[in-house]
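Pasting the structures in now, so scroll down.
Two complexes are shown next, each including chain A; its partner changes from chain B in the first to chain C in the second.
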Partner chain A sequence: MAERSLITQMIVGLLYPFMLLLGFYLILNGHYTPGGGFQGGSTFAMLFVARYVVFPVADMSSEHLHLLQRLFLALILVVPILVLFSGFLAGASEYSGMYLTLMDLFIGVQVGFGLGVAVFRFAFFKGIGPSWRF
Partner chain B sequence: MIRMASAALFVLVVFVGVTVLTTRYQEKLEPTMYEYMVENFQRDTAAHNAVAAILLNYRMYDTMFEALILLTAIIGMKQFLPSAGEFTGGKSGRGADTTDWSGDSPKQG
Partner chain C sequence: MLEIGMVLLMGVFAWLTIHSHLLRLSVVYMAIFSLLAAFVFVFHGAPELAIAEAVIGSGLVTLLYLVALQRYRVYTICVASDRHSEALSDSYIKGMENNEIVHRIRRFCMSREFEPEIVFSSKSVKEAMSDSRYDLVITHENGETHVYGPSNSYVIVELELMFQMDGANSGIRFGRYTREGL
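== the complex of A and B ==
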């Protein structure tokens, strides 16, 4: 990371909101078109990669990202147990679309934060030190 | 050398044998589940996409444990791939001052 090109910075800055838009499009249209939580979440993780490309500074803690990922994972586990497995959704079918969108959103945010932790760990990894041996 | 060759031959024979046996004596099932899901997924789950219906309603357990697998992978990665600041001892890994971006490749050894 010797030099940081101005062209790269400008292009990534221009594309950044479109990446966010693509992620939300994939998630929110997951039950209409191909797409869904995992694909949209991977697009969200692309935001971390783009940020690292133009601004490679470890000013964001991967612990916070991991905490958020675990929070959304808990929601993914709790919401179907309360709504789907309890049989509530079979009686109230007008909430089915809302449930699908909500679950896609939870999965997408969870996958985005999870892959974000992976990106940060690999990006700021230095294979030196006494505790790292294969 | 003989031992390695015989071991490779044994693995190959077992692989071919299992593959041949399982493809010759395959049980043919009626596609009842397939037919039910294709006919009824729109009414059951209000999804316009059979894949979303299966992932988020019919097979919700699969999606839940898939999310757990991602968590497991990240926990393992955090365990075996310490971040830059954790080597130096005491100093936390946050902040730009602990990372050195002057060189491209990390020092070896």
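== the complex of A and C ==
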């Protein structure tokens, strides 16, 4: 593994909260301004990437991250079914922006964990391992 | 105007990506290419695509390529020169860098997808051989170049064959050694 440079550590540590902030900004304003779930989610994935760049140790279980990713995938499928088929939005159209922002948030977190898991598994792949499923 | 300049720059970086000799440099050029593509997307009124391109094209994909390149082997060649009085002087290093044999070994490594890295050291040949960091040891004495490689490595066999086939094996001798404790 590459040796750890103090400069990279300091700069990534400095940028870390701003990356998190940018991700949330892109997701929460995605309905009104450029951005959205996928773009914000990729910015979240960059957090994992930045962490890998300064600290390339496999101490975070990708199985747990994958579990969270699948949980949010289930939420993305379940929440629209519950909200749209119950006819709640038809009666209260002022909540539609809030609903879309919530869905963007789910998509963002799901994409972030998904890309993060993909990067981790690629980076720590040793040629053999458990067979991973979707 | 700015847009035309960016598209032209994209062409330049695409050309550089294909024609650079080091894969690591290609990856960097490709990241710059992605960033320019993101700017062009902004000019064409697609800011959402531009964000995705900037994050994924120049962030995630660049890192994935770099991780893949880390797997790809760096082949360390040691030039041992303890018997030279002017060893490690600038003129000696420049002379070795421009040496025909060193050039040929470098080209061979590139064709085999190794990253050749040449280390100049004031160690003796024996010390360099016992150092597990070096994959190939070269010495130059009395107008003759000696190339030593570990006996379990196929690279030294292929190198010898290449020099024989090119008819360039005058003034070069190959040797093999076994490293203790391996």
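The criterion applied here is as follows: the second predicted complex is superposed on the first by the 123 of 134 C-alpha atoms of A that agree within 3 Å, B and C clash if a C-alpha of one lies under 4 Å from a C-alpha of the other, contacts with A are read in each partner's own complex, and residues count from 1 in each chain.
Please note the rule applied: contacts are C-beta pairs under 8 Å (C-beta built on N, C-alpha and C of every residue); 3 or more make two chains touch, one makes a residue touch a chain.
Keep in mind that what you see is a predicted model, and the values were worked out from it rather than measured.
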**First, second, both or neither for A:122, with chain B first and chain C second** = both
**Prompt:** In the superposed arrangement, does A:36 touch chain B (first), chain C (second), both or neither?
**Reply:** both
**Request:** For A:52, decide between first (touching chain B), second (touching chain C), both and neither.
**Result:** second
**Prompt:** Where does A:110 make contact in the superposed view: on chain B (first), on chain C (second), on both, or on neither?
**Reply:** first
**Prompt:** Which holds for A:26: it touches chain B only (first), chain C only (second), both, or neither?
**Reply:** second
**First (chain B), second (chain C), both or neither touched by A:87** = neither
**Message:** Touch test for A:100: chain B only (first), chain C only (second), both, or neither?
**Reply:** first
**Dominant contact partner of chain A by residue count, chain C or chain B** = B
**Complete:** Residue overlap on chain A between the chain B interface and the chain C interface 1-2, 34, 36, 122
**Fill in**
Listed in rising order, the residues of chain A that touch chain B in the complex are 1-2, 30-34, 36-37, 56-59, 61-62, 66, 69-70, 73, 76-77, 80, 84-85, 89, 93, 96-97, 99-100, 103-104, 107, 110-111, 114, 117-118, 120-122, 124-132
**Asked** Given the complex with chain A, which residues does chain B contribute to the contact?
**Response** 45-49, 51-53, 55-57, 60, 63-64, 67-68, 70-71, 73-74, 77-78, 81-87, 93-96, 98-99, 101-102, 104, 106-109
**Complete:** The answer for chain A against chain C in the complex is residues 1-2, 26, 34-36, 38-39, 42-43, 45-46, 49, 52-53, 115, 119, 122-123
**Fill in**
Given the complex, residues on chain C that touch chain A span 47-48, 50-52, 55-56, 59-60, 63-64, 67-68, 70
